[in-house]
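The first chain written gets the first letter, and so on, giving A, B, C, D, E and F; residue counts start at 1 in each chain.
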Amino acid sequence: MTYLQKSPWIVHYNASSCNGCDIEILAALTPVFDVERFGIINTGNPKHADILLCTGSVNEQNKVPLKNVYDQMPEPKVVVAIGICAATGGIFRECYNVSGGIDKIIPVDVWVPGCAARPESIIDGVVTALGILEQKRLKMLQKGNSDSTKVGEA
Amino acid sequence: MIPEPFVPVFYALVYILVAPLLGGLIAGIDRKVTARMQGRVGPPLLQPFYDVGKLFEKENAVVTATQNFYVLSYVVFMVVAGALFFSGGDMLLVIFAFTLSHIFLVLGAYASYSPYSHVGAERELLQIIAYEPMIILTAVGMYMVTKSFFVSTIMASAVPIILFLPGIFIGYLIVLTIKLRKSPFDLSTSHHAHQEIVKGVTTDFAGPNLGKIEIAHWYEYVFLLGVIWLFFAWNPFIAVAAILVAYFFEILIDNTISRVKWQLMLRSAWVIAGTLGLVNLGVLYYLRMVVP
Amino acid sequence: MSKQITVPFGPQHPVLPEPIHLDLVLEDETVVDVIPSIGYIHRGFEKLVEKREFTDYVYIAERTCGICSFVHGATYCQGIEQIMKIDVPERAQYLRVIWSEYSRLHSHLLWLGLFADSFGFENLFMNAWKIREDILDVMEQTTGGRVIQGSCKVGGVRRDISDEKLDAMAKDLDRIDRDMKELTTVFLQDSSIQHRLRNVGVISRGDAYHLGAVGPTARGSGVAIDTRKLGYGAYDRLNVQVVTESCGDCYSRCAVRAKELFTSTDLIRQAVKKIPDGPIDIKVTGAPDGEYFMRAEQPRGELVHYLKGNGTKFLVRSRIRTPTLTNIPPLIKMLQGCELADVPVIVLSIDPCISCTER
Amino acid sequence: MTPENQTTTSIDVGKLIGSVERFRNEGYRLVQIGCTKVGDLYEINYSFDKDYHFENIRITITGDTEVPSISGMYWNSFIYENEMHDLFGIPVRGMNIDFKGTFIRTAVKYPFSQPPVTVTKGDKS
Amino acid sequence: MQILDLLLCLILFPLIAALFLLVVRRDSWRSLIVQLSAVAIGIVSLMLLVLGFDKGTLLYTVGSEPVSQVMFFIEMILAVFIVCLGIKYRKSLSVVLILLQAGLLVWYETNMAGHISVGNNLFVDQFSIIMALIIGIIGTLICVYSVGYMETYHNRHKEIRDRRNIFFGLLFIFLAAMFGLVFSNNLLWVFFFWEITTICSFLLIGYSETEEATNNSFLALSMNLLGGVAFMVAIIYLAISDPSGNLMDLNYLLTTGKAVALVPAVLICFAGITKAALMPFSSWLVGAMVAPTPVSALLHSSTMVKAGVYIIVRFAPVLAGTTEGLIIALVGATTFAFASFMAISQSNAKKVLAYSTIANLGLIVACAGVGTYNLMWVAILLIIFHAIAKSLLFLCVGTVENRIGSRNIEDMGGLIVRMPKIAIMMFIGMAGMFLAPFGMVISKWAAIEAFITAPFGLIFIAILAFGGSATVFFWSKWMGKIISVMRDQTVIEDTVKKEKWAVLYILTGLVVVVCLIFPLISSVLIEPFVLNIYGQTARLAQANLTIMIMMLCLLMIMPFSMLFYGKGAQPPVPPYMGGRPMDDSMHFAGSMGVSRELVLSNYYLEKTFGEERLFMIGASLCWGLLLIAGIMLLGVIL
Amino acid sequence: MAFFEMVKTALKTVVKRPVTILYPAQAAKKTPISRGHVVFDGNKCISCSICQRKCPSQAIVLNKEAKSWQINRFRCVVCNSCVDICPSKCLFMDTQYTAPAMAKGVDTFTITYVKPAKPE
């Protein structure tokens, strides 16, 4: 049994998006879409979060905070890139200040396309992420077990 | 049945086992009702349990290993305080144990030397000093009616305590808002943290530690609602009804009021304790002690 | 030893949907120093004019921001039209007004929600966004997009709205008005909200004006500037009421926006009544040669698109001066000496939008 | 739609402070300061508004000309002047709040002073 | 007669030690003498406990006339000495007061002393034994600690004249005077020792001879002399009301009943209030912090202020149920609340400790003023617990100050890493001050339970509730400061001296042990004493005791959970900084491209709990109360 | 000035049905003109490559030799530009949005259009 899939807490970071995708993430929290139905809470704090919802094409200054937010999330964790900007830089790909795509900085597990990504699409993306989250947890458990056996042997 | 001297132990054990279940359920209902007040469907009823289960599945990331100790102490003493209460112990001792447990939470936040935890810790302390007088006055009020600080005696009393302590009761409900971390007094931390200080005291706790804090909250809920019971102890049905109404009232307040700043919190909590509480006690004192 | 606390406020922070970077220096909870920094959203897309034809640049202009997307598109198009002296069909101009005002509704509701959240009033946030969904529905029904509408183009608009739909929209506004009335009453009357807003982040009329405040930030301090009064688009044929408040505090700014909701619905009704039949666009030939400072009223205030062309398909310069950019200096003034708990409230009170500010 | 009446006056850098002072004294507000690279020269527009009356003054300079800050008259000008420095590399003298090039940190230094790019054809990346 | 020997030994032995210390100038010798005498005094006071705990009140006659003559003589010399100093430093108030006091004394000696003879000059009962233990153990521990401290102190402060012989001499005279005070049954003797403590503290506060120290020492002197005058008036009043001098017998006086004893009781309590630094006289104790830390420790825990509350507690039975007693209690309660509030706004560690002391003394006086049997019990408990925890805290702060060169709480961040042992000791000391199940909270709890049945108890409970919560605030934030784990810090406590460690360990142990065995202390010493006076006594319910002891054990087990987490744990991660990384030197990327240091300070809430404002309010309230008491007293006399 | 202005709304909402759309159990909000994803009809494409040139984010790559038309849906900002501009109306905007995916890929279509023989 796993609770991880029933209680995915999110943290949202706007890595230089145009706001379009961000307000759709927020909209997903509000009554009409109400993602709390799935136990999703916007914690606003990477240390409490399981899923990083990231938007935007990642500009020069965002590299460090984005990495930091990701690093501060405890394992297991997944990253969902929301919007076209987050996927490839989209329409801003060619701008001098964007790196184009979140995967340039941190590993991404799920891509949610759309400009702006619709709330429903974001819900789909998070649901897809849940499966990956569970896999990661199992992997973590295995690793933990093998670690402890090692300690036992030594 | 259970031999006499073990009855309190039995109650304490029941509390230790049942309170988290009940507390989690209360939290679940709370979230459900809150969602409905906002026109949403809300999470499943058992969501709080999923959350805590999840937290224990996560990595225990700490800023300093000492955090583990403070959190564990927080939980343990919260349980001790509640168990003492339900085993019929001395109210004042319960209150002190309760404070002790909170101090551990605060220390845990301080330990991490992080700006948000730090501000959260300071605010948590401000909350403690805001509600503590009122809670002590509540105990004193109970004593003045029943001549005992022992919960067991208060429980056994056939007097409708609420009739003697209406002011105290209202005061208690108001500081309860602080304790339940509800608006307008969710200063030090709050449920979803759309807050200037992120998650305040709990900012730098993650995974299992956060789960423990949550469990401690559940124990706390049950204990705090248990105090409401005392006001109505003479009739269990009314007591249950009162708890339900009171809790609904708390949720309603949470949903219909903005967060205040610490100055107003301290002022209102103290003024309420100082007026409602003291006037109530004063009148009672006059009736009981002066008029024979 | 000073008793100070340094708080790195942002870039990642739950009350900020967008990265803002402030270094706060506190004593107890009083802010003694605020040092802002920006640059987390700067993409540098103004330079894309060198790569995209001026007719295609509108897609980029729209994505300046996901909130006033339409206004940016329209302002850009109008700027080009000014340079090229294109006479846009009447109907298109009215449609632009209608969509602009819907944008304002959606933006102000969004803001009211976020603002409520900044002082911990979750229910109000939910309610505001609930109403906002009605507006977005209309947007999607008429443009095909919820937040990025993409319905403007140089020379007109890309979609028409049928007259039946326009009437239905106008009728629906009555219900929305009612909901918004209930919502704004809470904002304007509730005493717990007043406790958080009154006398917080005060900026005087003179300061607001001279520090360059625009939009509700200026109008909250009693400076009656509203670029719609310039009469671009169809605004010169509509009765635009300028809402002002005099206190210059967060409450005033909130009140201005709350009241503007109703001036917007009013404008939409007026427009629906007056909108003529006819074509919605005109064919554009040639290329812009010349320059223009196109000014328009975004939900957050005066927006300036400076456009300069040299007769080729590629512009020489597009420079977007957004309301938030010019509202930052007043914001710095407002933050001085406030309480930590007021910081998000004050920051949000100018309705900051970093996306277009940094471009 | 009625086009707005916009006047643009070109002036010399040396006259800048004097002209801005005039606007300030007449109660104009600063709408924006913006820079445009035209060929090898830089046009800097200072726009003012009073009661919906728009006035623009322009200086045209080479990239290394030092521009005096107008923050003495308009406190808020630092926001544009820092931007001008960070994006165009134009040195501004005497800003009240000088971010020293950290206002907008860019991957490319002074991006707008780079020569304009031509259209990329068939970009396959 | 064994016990009498012990009493005399306790009074005289420190005196002899003091004489040696005054002449010895070699560090090693001094250290030896101090340590030996400390051990000796400690052992003798323990012997007193062993032999005397079950004996009730014992009275002893010791040669009265000659001793009294000597005392008078010494007092005159001291008066002259003070007058000289006062003139030198232009402190007219002190001069006036000492002249007034000396005048009264001379007048008394010439006009009345003739008829008066007190049979039993010395006495001992359980309360005296408790006080003797506090003085004999804690007081001497502080002296031992001082040796090392003063060495470092003078190394650090070269500008201060090294007068350590005088310093240690004074310390031991001080102890002797305290013993004398608690064993004296003759009020004149009490007064004599009372004056000695005043002057010792005056000299010790002024030790560093800086301007501030001198001013503060004179402030302390004036305030205490004011109390001394009141004391003298009380004595004269007694002498007038019963020329035979029977009333000079403290033990007798206490049993005569309110009619006779009330007026002197109130006057002496006034003296006690000045000495215990209650409001409005609290400023002298706060000012006394300029003295080297061991002096503060001594003043706050086992001597001086304890003399003040000792005498008030003695008179508690007389005060019980009187309006005057109530007023004195109110002065105490007001002091408790206001001092606790003021402590919130302080960042100077010693000042916080000072305000905490003042608050607790206020609480003790509040208990004593109301004076019912259970409150008397509480008052004594408070005296014990406070002495131990407070001395530990002062010495810890002193040690820290010596190492880090600051007594500011804000500089104590991360002590848990830098000076782990000291930090844990401070932690325990602070816990002892405000956390369940440690001493002070037990006492506070008992106080609530006791006040609730006392007349007008509600007022006191309310004050206790509000003031108590303030206590929680200022202690916790300080605790939080020392336990916050900062990175990149090194251990710096290994240079602390051995004997200092010994003292600190003993005191830390005492905090815990006394808490564990306090039921025993209560039943053996306090309860019989209270029973003897009131015919009934208080105690905590057995069930509660068990629970508290369980809690204490739990608290001691908890830290072991750390071991459990030790293995297999991930390395710590940096705190949440809004997405900005922080490096090991606690810097993060700030605005305008600067690297900014993370600084965290506690809240001091100056605007709400500012010292000046609150002192004004508190002091005026207390002045008002004292004025009322004074008027009532006049009414009684006339 | 009034206390608890919100109470009325809150209580009213409690008893009313939530406005939540139970997506995915219920269908998503959609309108006939919602912009979802671009559909390509290889039968009609005349390989003019206007779409490729006009696409603001260069999501389309046309390869005349290979007769392939590729769209990178993770680059497409669904602006409708290509649909508007396509001279042979072989592009169409479907209302269904592109589903989230675990990898970014490119959709490739073959152009099957055969130039009708010139009527002689």
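FYI, contacts are C-beta pairs under 8 Å (C-beta built on N, C-alpha and C of every residue); 3 or more make two chains touch, one makes a residue touch a chain.
As the structure is a prediction and not an experimental result, all values here were calculated from the model.
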Checklist line | Of all other chains, the one whose Cα centre sits farthest from subunit C | finding: E
Checklist line | Farthest chain (mean CA position) relative to subunit A | finding: E
Next item on the list: Count the C-beta pairs in contact for A-B and for C-E, then report the pair with the higher count.
Entry: A-B
Next item on the list: Please work out the Cα centroid separation of subunit B and subunit C, and write it as a whole number of Å.
Entry: 43
Margin query: Averaging over Cα atoms per chain, report the distance between subunit A and subunit D in Å.
Written below: 39
Notebook entry, point to check: Could you state the distance in Å from the CA-based centre of subunit A to that of subunit F?
Noted result: 23
Notebook entry, point to check: In angstrom, rounded to a whole number, how far apart do the mean CA points of subunit A and subunit C lie?
Noted result: 28
Check: Going by the touch rule set out above, which residues of subunit A reach two or more other chains?
Finding: 13, 30-32, 34, 37, 42-47, 59-61, 65, 68-69, 72, 91, 94, 96-97, 115, 118
Notebook entry, point to check: Taking each residue of subunit B in turn, which ones touch at least two of the other chains?
Noted result: 35, 37-42, 59-61, 115-116, 118, 192-195, 198, 203-204, 255-257
Checklist line | subunit E residues counted as touching two or more neighbouring chains | finding: 573-574, 576-580, 591-593, 598, 600, 602-603
Item checked: Of all residues in subunit B, those that touch subunit E in their complex -> 59-66, 68-69, 72-73, 76-77, 80, 84, 89-90, 92-93, 96-97, 99-100, 103, 106-107, 109-118, 121-122, 125-126, 128-130, 132-133, 136-137, 140, 143-144, 149, 198, 203-204, 263, 266, 270, 273-274, 278, 281-282, 285
Notebook entry, point to check: Any idea which subunit A residues touch subunit F in the complex?
Noted result: 31-34, 37, 80, 84, 87-88, 90-91, 93, 109-115, 117-118, 120-121, 123-125, 127-128, 132
Check: For subunit C, which residues count as touching subunit A in their complex?
Finding: 11-15, 17-19, 39-45, 47-48, 51, 59-60, 63-67, 69, 110, 113-114, 125-126, 129-130, 132-133, 136, 145-148, 353, 355
Note to self: Taking the touch rule as given, give the residues of subunit C at its contact with subunit B in the complex, in rising order.
What the structure shows: 5-8, 13-15, 26, 29, 116-127, 130, 190, 192-193, 195-196, 339-344
Next item on the list: Provide the residue numbers of subunit E that touch subunit C in the complex, in ascending order.
Entry: 347, 406, 408, 410-411, 577-580, 588, 590-593, 596-606
